[in-house]
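I'd like to ask some things about the structure below.
Chain nomenclature is as follows: A, B, C and D, assigned in order of appearance, with residue numbering initiated at 1 for each chain independently.
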Amino acid sequence: MIVLTDLTAVKQALRAQRIETPSWGYANSGTRFKVFPQPGVPRTPEEKIADAATVHRFTGVAPSVALHIPWDRVEDFGALTRYAADLGVRIGAINTNVFQDEDYKLGSVTNPDPGIRRKATDHLLEAVSIMDATGSRDLKLWFADGLNYPGQDDLRDRQDRLAEALRETYGRLGDDQRMLLEYKLFEPAFYATDVPDWGTSYAHCLELGPKATVCIDTGHHAPGTNIEFIVAFLLRAGKLGAFDFNSRFYADDDLMAGAADPFQLFRIMYEIVRGGALDPSYGINFMLDQCHNIETKIPAVIRSVLNVQEATAKALLVDRDALRAAQLSGDVLGANAVLMDAYNTDVRPILAELRTEDGLDPDPVAAYHRSGYQQQIEAERAGGRQAGWGA
Amino acid sequence: MIVLTDLTAVKQALRAQRIETPSWGYANSGTRFKVFPQPGVPRTPEEKIADAATVHRFTGVAPSVALHIPWDRVEDFGALTRYAADLGVRIGAINTNVFQDEDYKLGSVTNPDPGIRRKATDHLLEAVSIMDATGSRDLKLWFADGLNYPGQDDLRDRQDRLAEALRETYGRLGDDQRMLLEYKLFEPAFYATDVPDWGTSYAHCLELGPKATVCIDTGHHAPGTNIEFIVAFLLRAGKLGAFDFNSRFYADDDLMAGAADPFQLFRIMYEIVRGGALDPSYGINFMLDQCHNIETKIPAVIRSVLNVQEATAKALLVDRDALRAAQLSGDVLGANAVLMDAYNTDVRPILAELRTEDGLDPDPVAAYHRSGYQQQIEAERAGGRQAGWGA
Amino acid sequence: MIVLTDLTAVKQALRAQRIETPSWGYANSGTRFKVFPQPGVPRTPEEKIADAATVHRFTGVAPSVALHIPWDRVEDFGALTRYAADLGVRIGAINTNVFQDEDYKLGSVTNPDPGIRRKATDHLLEAVSIMDATGSRDLKLWFADGLNYPGQDDLRDRQDRLAEALRETYGRLGDDQRMLLEYKLFEPAFYATDVPDWGTSYAHCLELGPKATVCIDTGHHAPGTNIEFIVAFLLRAGKLGAFDFNSRFYADDDLMAGAADPFQLFRIMYEIVRGGALDPSYGINFMLDQCHNIETKIPAVIRSVLNVQEATAKALLVDRDALRAAQLSGDVLGANAVLMDAYNTDVRPILAELRTEDGLDPDPVAAYHRSGYQQQIEAERAGGRQAGWGA
Amino acid sequence: MIVLTDLTAVKQALRAQRIETPSWGYANSGTRFKVFPQPGVPRTPEEKIADAATVHRFTGVAPSVALHIPWDRVEDFGALTRYAADLGVRIGAINTNVFQDEDYKLGSVTNPDPGIRRKATDHLLEAVSIMDATGSRDLKLWFADGLNYPGQDDLRDRQDRLAEALRETYGRLGDDQRMLLEYKLFEPAFYATDVPDWGTSYAHCLELGPKATVCIDTGHHAPGTNIEFIVAFLLRAGKLGAFDFNSRFYADDDLMAGAADPFQLFRIMYEIVRGGALDPSYGINFMLDQCHNIETKIPAVIRSVLNVQEATAKALLVDRDALRAAQLSGDVLGANAVLMDAYNTDVRPILAELRTEDGLDPDPVAAYHRSGYQQQIEAERAGGRQAGWGA
């Protein structure tokens, strides 16, 4: 078992860690069968940002919030940025949406209709303008584009169209802006998806240039995929730009990060630590992308942030010298044991101590419940139209 | 290759085949990301039935339509039944819905709250009353009940609650009525589903009695599941009651039957033929359960009916004496070749001939397009609220 | 976080726990690509038993060893039983092998050839005779029977043949003997397996009678299968007889229990605890069934035993009153948190304390390495033919 | 339905098609549970080549045979090449084997031990020398390298080691030689594989240069993977070098090509035709890589060749103008119907006609059975040691 003597370096790394929460995680969400609304859900981008600021207030490691356009479109993004700053957070990645207009039924940037492609690309360009206004560094692109039936469209032509739209958008990026290209195996398209796996995203990013990197959504893989391998591979290639954290038992379940397979999350964070990519200066955007369909949203986001933090703390505890020695000597059980030793350690006391040192409550979930914030929003956000997955 | 000489018996079996279409297949549907409405979509149960009758008019083998309560709830089910009869079809299975009320967020018949369980069971009992009014034989039960997170509820208590609701509902069935218990691996619940697999459904049906049988939805299995094995097993046990046909590449994609893996559909239909279960007198309800999210709905239903018919025709062409001889002699390649010989046969000419003999157009899809029905409904169903997956 | 005050009951339950190790786990194993032999591997059933006794000596909870016939066939099973007793262990389940004779190429008890079926059933009956000699309670049946190609044999006839062989074998069981029927999705058969899932095993066991129960091999499921659901369901039905513990990332990888998904193992053990099925008096045989292809075998078995023990300790720590209260009140996050609180606890100090109290070394793996046993067997077992997956 | 009027172009394309068969497909193979030997199996590389020549004699489209080193190592590869030529076939791809020496237990070119890496790379270089002797164009690399347990070795270091070995081997290639890099999700490694997916292979090939291309083994993917997408993507990128055809229901089952999902094989071949990559001048090596564990080997290889041929014929029948028109107009059902129309056509008469025109028997399987070759080899190859998966 690990002897926890000098935790200075571990705590320093944990203090530097940053996790971005998504505006839409505070809004209503559900499945195709039903969206169950919840009391207190935000009705405006401002209320979503207020919830994100609340998560940051209790966790201390979530100082930015990702926006989704058009769900979070406002007249004055400069004002929204200042509003966020006043609450202690900043605007993070700008997420585009080219899947909810009638026009996009058969695709957006890969649509056979050039007019629809133009419209979709214009939306991507608009998102860069919003980045200019908010000071966001990251443009996150996810395309629902794909096919439901074999033959429905030409797989290869669609790649040409995709490449063209990406190229134009890439060209619009400023010096300090970059593009994150997400991939997803399936849903909403059921036969073929135009960016189905990391390989496709990687190949396009390579062609585009250094400002384009891959975004790994942990729920977007085929069963049996080793995600930490992808993390290690992309770090080696200098092409890992971001995570969309969530967890899944089957498909893109969008459950709380670490809820389905905490050991997997630990292995992912170990590769991040091993690759020297934890510190914000490295440039990876560690985002959550989740749907709290049945559980209360703000404490669920807090819980997810804590899960990522705990997995990171365990990863930082790995005795890397001992691990390397066991690996190089071919000691399979010994090397595995070094890793498991860290995983099996209960890091909650360390994190509680860290929070106390930093003036935070050692138990953010309990503190949130005691704070009265939930009761307040349930009372105050009574009227109006709750935000959800719609413009 | 198969020498198609005397097709009398094959044609007779194909003439007797019956496929039930679902009222909701004619309505709007989609994914959690977006429902794309289509012009001409029905606004009322009557219009859905009219569409089902149209499918029957062109295919000749789809004389019944399944209803979904509450989506198809009307004041006077007797009148609806007569309306259907006037159009040449009858009301088939009654499908219950205990997943779209706010109350059902944490389950229906398995909910920890006894009041909600009562409400859910009452809905099941109401569905039997509707069966009394429509003359329907089949009560189809699908439960979205399940958990998103480990620990959320007690897995075993939920089975007790499920058994209790099923027992009460079973007791309400009339002499000629029966219960079909569907299973589904996941969605909308992401961690555990209360009836996740055929074994669970089978065990409950066995306990309930002879009127309870299993319904196989072809899209509801884990990857790698051999569905025709389940068909053969349940036929042997006398517990296969119905199919929900559709197809899938990944999860419950609800694509057109036979669209994703036509060879699998053929193997399923072969087990049906081999088990003597094709004829309606055997009692299996061969239903479609599909979502035509992006393709025109009525021709998609026609296409699906034809796909099931073609798979059946191929299954009927299998030279079962030759197959048995090869199987018993351990001739692996020979036995497989007998099956593949039937599968590789182009049965479309046989079906075209059959339709012509029966006064139908040999090409139902083309005939539908020529008929003007689509243009008519698009023009006539302009106002009002299109039906979808909602009450 | 859990306050570990009075651990008396937890320790008592852990003291009663029994885990059976498999004789073949000490022998050479591998994949179809290569079996890598290891120094010190047993050459005889006696040497395998000696290794099993060594594992028990260091862990204190593994007092029985499963045999595999014919791999462990000896002239005098009475003598072997006494030999085991002298080493402090007893003979556990008798595992049959009807997959390695040339005759079984197309199946054993389901083979189309009645002569081969007779031979296979005779082997099962012989195994019961061995149980008479060893005093074993459990006959474990796993059938590799299945098909590689559609049409190769008749799926349903094979179920009839299977049922017949099981019936005859069941009839041969003595009053205190019982049958464990294992299932497996695929491998070595690639298209269809005759007992592919728990439902098939359950249906046969139900028909056979109370002495027949299901054996769950944790590696034998389709991707996405919720194993703890099956555990809970079979406990409710009184039909869970045994486990074959191991872990897997993809297929039947046969890795060390708890190595791939320790959270899953914890959830399984929680259902065992919740169902009151942990104590040996309940009758479940908790066996390991693993292949240590590249890691040293004895410490790998010790590691696996410890992993099961740790998962059990965590399951015992679940605050079941708090869990039930949260579940009944519909507190999704609260209920999940109660479960996770136990999972996140580091139970290694508790187990170390328990071992010390019982006169064992607190760290069994380290103690094994210090003991010199490994060096001894590597030196002493130099000549002869190492045992493996062959007669 | 397709009107088969002028088939000149289709037949011309089919005449040009070439399928390479693997020497090891004629040898014994099995699973980790059992290898069932078959009568008449070759004992030498020469006898394997004779079997391959027999397949070519009956099919007319299989004029080359892939070798596997060391399984097919001979003293004089020049003589072996002439022997093949005398039988009417040539030596195709040279397959390397760095997974069956004791040294490779923890990896070959990615092993932590530099001495073992050197040995493995030397084997790759030796294979190029054999290519010099046989005139082979293709060096096929498959690495079993990977990990069974998290932590066992460093994922990223292993990529560095892999890259180094590939670079050295690439540098050794002559002007007309090239490297095919295969990928595989899992087996024999169960936690992580060093080249697990097409993205990994693609990235390495891109770095290496134009002589390095990806080899797609159709059985090496995660469930739900869309293989034809990968085909289309790699063709667009100019990086598809070869196929290892086989089929699977679950994992790497190595069943006959087209046996498990003939529709998938058709979709793959459609992308080949659409990409203009069918003709040998394009440079793709269409190989089989299969294990005929229970079926007679030579007719199984013939069957597989015919299955690829039939899928190709259907792909050639697709009315590409009609398809393109339907795709561009967004006619989902119409576009799918054009594809399905070709798939549903029975192309066996076309192929029979083609063979007759070319002086072959129209039914190669029947002709093989009539030829007496099987009886001859079973009689003549009575003694000696049958070839299998071993040196």
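Keep this in mind: contacts are C-beta pairs under 8 Å (C-beta built on N, C-alpha and C of every residue); 3 or more make two chains touch, one makes a residue touch a chain.
This structure is a prediction, so every number in the text was calculated from the model and none was measured.
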Go through A-B and B-D and name the pair with more C-beta contacts between its chains. A-B
Subunit B to subunit D, mean C-alpha position gap in Å, rounds to 40
Can you list the subunit A residues in contact with two or more other chains? 106, 148-150, 185-186, 191, 223-224, 226, 249-250, 259, 263, 294-295, 332-333, 336-337
Pick one for the touching-chains graph, please: line, ring, star, complete, other. complete
Can you tell me which positions in subunit C touch subunit B when the two form their complex? 106, 112-113, 148-156, 159-160, 185-186, 191-193, 196-200, 202-203, 206, 221-226, 228-229, 232-233, 235-237, 263, 267, 271, 274-275, 323-324, 327-330, 332-333, 335-340
Contact footprint of subunit A on subunit B as seen in their complex: 29-34, 36-37, 99-100, 102, 104-106, 144, 148-150, 185-188, 190-191, 223, 248-251, 253, 255-256, 259-260, 293-295, 389
Considering only the defined contacts, which subunit A positions touch subunit C in the complex? 1, 223-224, 226, 249-250, 259, 261-263, 294-296, 299-300, 303, 310, 332-333, 336-337, 343-346, 348-349, 365
